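Both complexes shown next keep chain A, but they swap its partner, so chain B is in the first and chain C is in the second.
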Partner chain A sequence: MTAGRARGSGGRFPASLATPVLLAFAVFIVAPCIMLLVKGLEPTAETGEWPDFTNVLGVFDSKVGQQALNRTIRISLIVTVICLLAGYPVALFIARCGPRWRGLLLAVVIFPFLISAVVRAFGWTVLLGDSGLANKGLIALGLIDRPITLVQNEIGIIVGETHLLMPYMILSLLAVLQRIDPNLKHAAESLGASPVSVFWRIVIPLTLPGLLTGTLLVFSLAMTAFATPFLLGGGRTPILTTLLYDYAFTLFDWRLAASIGIVLLILGILFVTVHRFVSSRGMRSYG
Partner chain B sequence: MIGNNEKTGHWVRSLALAAVGLVIGAAATQAATITVSVWGGGYGAKWKKHAAEPFEKATGHKVIVDGGRSAVRLSKVKATKGKGTDVVFLTVHQMIILRDEGILAPIDPANVPNVSQLYDFAKDPMGGGMCPAITVLGVGLAYNKDHFKSPPTSWNDLFRKDLKGRPGYPVLSQSYSPLVMTRIAELNGGGIDDIGKGMAKLATIKDRVQLFRIFEILKAINQGDASIAPMLNIFVRKDPKVPLSFAWPKDGGVGVVNLACVTKASKNKKVAEQFLNFYLSAEHQARIAKEAGDSPVNKTVPIPKGTVYNMVTPDQISRMHHYDATKVAAKLAGWLKRFQEEIVAK
Partner chain C sequence: MSDVEVSGVSKRYDDLWAVKRVSFTAPAGSFTSLLGPSGCGKTTTLRLIAGFAALDEGEVRIGGKPVDDLPPWRRNLGVVFQNYALFPFMTVFDNVAFGLRRRKVSRSETASRVAEAIDLVGLPDLAQRYPRQLSGGQQQRVALARALVVRPDVLLLDEPLSNLDAKLRAEMRFELKRIQRETGVTSIFVTHDQEEALTLSDQIVVMNLGTVAGAAPPKAIWEQPESAYVADFLGVENLFPGTVGDGAADDGTVAVSVDDGAAVLHVAADRPPDGTPDRAVVLGIRSEEIAVRRSDGADNASDGPNALDGTVREFTYIGSAVVYQVDCPGLPAPLIATAQEEFPVGARVRLHLPPGAIKLLRPDAPAEGPEDRQ
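Up next is the complex of A and B:
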């Protein structure tokens, strides 16, 4: 009787604690998303009916809309792959360091979080400009004989977003790398596995959850980034978020802007769906 | 007993009269509070010190400054239908959006007599007796002085093939970009009704032009990556220590006006108009010109001497090209689509 009473009171208490947060979530997150959906599907003609997909489909009709959509997906994929390929070795190195060096290296990894994205982007415009350090370095090394355009284009966006999002990948991987039992590696080596074999068949599978989490975080943040592409992409490389900004704050056409928001929402849902499918298959294979 | 009632009644009447007198007196001396939506940041701080505070001191009324970026303030006033805002400061092409939404109220000329001292283009830029301009800006040419033997003199300098760095052009979502496009169209056989000539001219430098959004072009000019770009005069200060300089085209710059309008929802319309009148006075126009670089629209106000700002002088005003903001606003959506398809898209 006492246990049953205890169980009952335990069930009500967490629910009541969660209610304020859930209410806030409903009001400040869910309600605006619904308003966005309603606004973006408002009829364009006076005689039209809700939902009207003209504006949403219109994003795919125009040349600049199609290019913005392709560019958004392409840049997000490239940034994710770079963060993965460059972040994994960094996370591996930090995981193998002693506690003192690990703390210092972690501080270096999270240092970009301490600076605003706008300040970082402006810094990159100086470094990547025609007369910036990057071009001067490449010319000094003899790799180019005159400056190449590294900013106000996709290269600038990719560099800026990689700098911005690399810590997410490293921290996601580090969390799982630190939990790997070193005895597993010792056991594999004692059975004749080479270091490469140990890495591919023991370490990689065990870090799959972190890898998948990092991929999800980096891709979704890259897809919805605004300040970095706004400043580093310039006017020649619009992506969906900067196009949304133009419609919202130039024409003040909130319906058109909301339509782009809907496209981003659909892309996000598609990516999460694919991610979950790949995650569950991957986890089952390495099971 | 009757005597006591009469005495009591006398006291009650006296107390009531005294109370009414106090209320009327309090109302008569009570200061009003107006909320003014105006640009923020460094400009906002100067504005508070040199516009809001002098008005408060002179009139006893209180000014609440609602500072911030134009696009955000416009969205807010639009969403609230002007409730909570008495006076709003915006560039003309943005103010037209509020006008078309029915959020603005025409001013009573009797309450704003200083309008008569303004240049003609500043008295009623939107028409309908809505609101006056409070400052005039001009689009000219920002350039790197190390890239030119003498300052550029024409919009056509943007298209020169011998530029050391890139030319720049603002994306069409920038306030003054459509106006510059109109001027370029005019110089190439078109105009406000044939913007295609301007788009075609810009397309000739499409591969090397830097399309900029805000101020990144100024850094590019200073670094030597860009040579020249259209730019508002207020964003380029006179500084001999840096390569960035400013020049007016010989045939005149492109005019842009900032307006101050009273909202229909204002509960203190008379005080709001009093504030407008104060803002257009010679004394205030001279002060804000000196402290913040706002070129005066009051004809009687001279340009301050020794200023670091590139001001719009009466000579520049006489040569300036102004375009019908209502007409530009009506065409903007189509122009933006063309700009995206013909200039931005690869």
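Up next is the complex of A and C:
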């Protein structure tokens, strides 16, 4: 969605200014990818030929790998949807606030960035534990009789990641919400659109760019998150990143670890491709 | 068609009255202009009529019915914004059809009415384009079509021509006039351009610091502005405070002393304007009504009254004429006069101010100062 705009202004932008960063990107992104591919596709037997796809395909064969893959996709999707549904109203509210409140609320929104993953995870462990605030609250409300497990499982991961990634969604949405010309809403109103109609027909389409950026960010960050799922998921709910860690640092099987890395890479490329396709169709009219 | 009555409307923002006790009536089918300098409350007045902002005092009636309890989407108005406010993600067709779809007009009727509206505003076949693919003038026409297609009771236009270049602006002025005549829609038009207001309107409402300074048809407001402020805004270049003397002379003029009697001008009026305290008035004359010729130095009595000798201080050539600044003894500021003839800086000239061309104007009440807006 930003590609078109970047291309438009590229002509006046001196390429030399971008070279250092682009070079660094090449070295620090392309090189590890090549190393990853080399390692992951290394033949298992001495006689085998390069590339050998057995390890990568093996990720999908083994039960634990298959589960981790499914779990990773499932959790990432759930987190993205929650961030979208819960973040949109928050962004709308902040956009509508006066400048003083807006600053304060923004500070609250980006607060998760200011605490380390370990502290954040510890906080959630306390809150979501069997005798934590969450369970006590649910019991007090009469929704459950006995504490339920909210942490060291998928729920814990989802809660932790949602908390961590919500700011990305809110900030992406806020960026476009604040740029909406209020006259567009007035124009729609004067033409007979009720506030509900203005929201669905004017505000949502106008925030589509931010919505797409937000989902792209949240989904890819959810898929590649490590510390939060590692600390809140416990040992029994491996996702691709924690499985990769296990292979690399407990089994010291670098080939298997690299294979998972390749799977993650493929997933990422796949998602970005689908996302770009959807954006380019949805955003045709945005220029 | 409906008339619009704005009575005693006020709107306060934080620490100032954006609009204070504004009243005027736009008769059904008429074209009314709100004219005034930047920040005088024109847009705010329009927003109050449209219902985009809640008024603090007063009442707006459309077609005789108070609309203060009606939200904007129930007022059946058409609004054209200064920046057009076209929906960027919709085609021209969808932009124009927006209001009809909200009114649940059938698909076939929508298509024909959109085509009709696009035709009315003189837009070529661009229905499938997006707003960003249109020129400013075309966007302007789409905005007009979008507002008119719903057959609004009232059309509100906020400086719709100010984003266009001079040539296009002149062209769109005629277009607006034609469209308004063809549709007969009651129109309220905001502008800070006196020429636009004069050429388009049936009535001009001049605003100053959130209040109405005068309201009259263009001809009346041009020939006899209500007050010095209105005259100033309508391009009366020469304005001097003066005091009306006793009694009328035999020739039907009154003597008005300028600057405590340093100069005396004769004005063809039988009495000072209403509401002038202590006979304090403002004299006004347009530059083109002052005759300029070379001074021969002699005191020629046959020049009649109001012949003043002066020195050219500066001149500018404007194509159709030359505009002079002339220093005249006895006047507090140089006179602005236009002539065909060319005189160099420093030339001695004789100016003649015809008694019939001088207007006696009501000075502006000091209560209308900015501090009153707080």
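The criterion applied here is as follows: the second predicted complex is superposed on the first by the 267 of 287 C-alpha atoms of A that agree within 3 Å, B and C clash if a C-alpha of one lies under 4 Å from a C-alpha of the other, contacts with A are read in each partner's own complex, and residues count from 1 in each chain.
As a convention for this text, a contact is a pair of C-beta atoms (placed from the backbone, for glycine too) under 8 Å apart; a residue touches a chain by one contact, two chains touch by 3 or more.
Since this is a predicted model, take the numbers as computed values, not measurements.
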item	value
Simultaneous placement of chain C and chain B on chain A, clash or fit	fit
Which of chain B and chain C A:R146 touches, first, second, both or neither	neither
Chain B versus chain C as contact partner of A:I202, first or second or both or neither	second
Partner chain(s) touched by A:R100 [first = chain B, second = chain C, both, neither]	neither
Touched partner set for A:A188, first chain B, second chain C, both or neither	second
Least Cα gap, in Å, left between chain B and chain C after the two complexes are fitted on chain A	48
Chain A residues within the chain B interface of the complex	62-64, 67, 122, 125-126, 129-132, 152, 230-231, 234-236, 238, 246, 248-253
Chain C contact footprint on chain A (complex, rising order)	181, 183-184, 186-194, 197, 201-202, 205-206, 208, 285-287
Residues of chain B touching chain A in the complex	71, 74-75, 78, 97, 165, 170-173, 210-213, 216, 219-220, 223-225, 332-333, 336-337, 340-341, 344-346
In the complex, chain C residues that touch chain A	47, 50-52, 71-79, 81, 83, 85-91, 98-99, 102-103, 130, 132, 146-147, 150
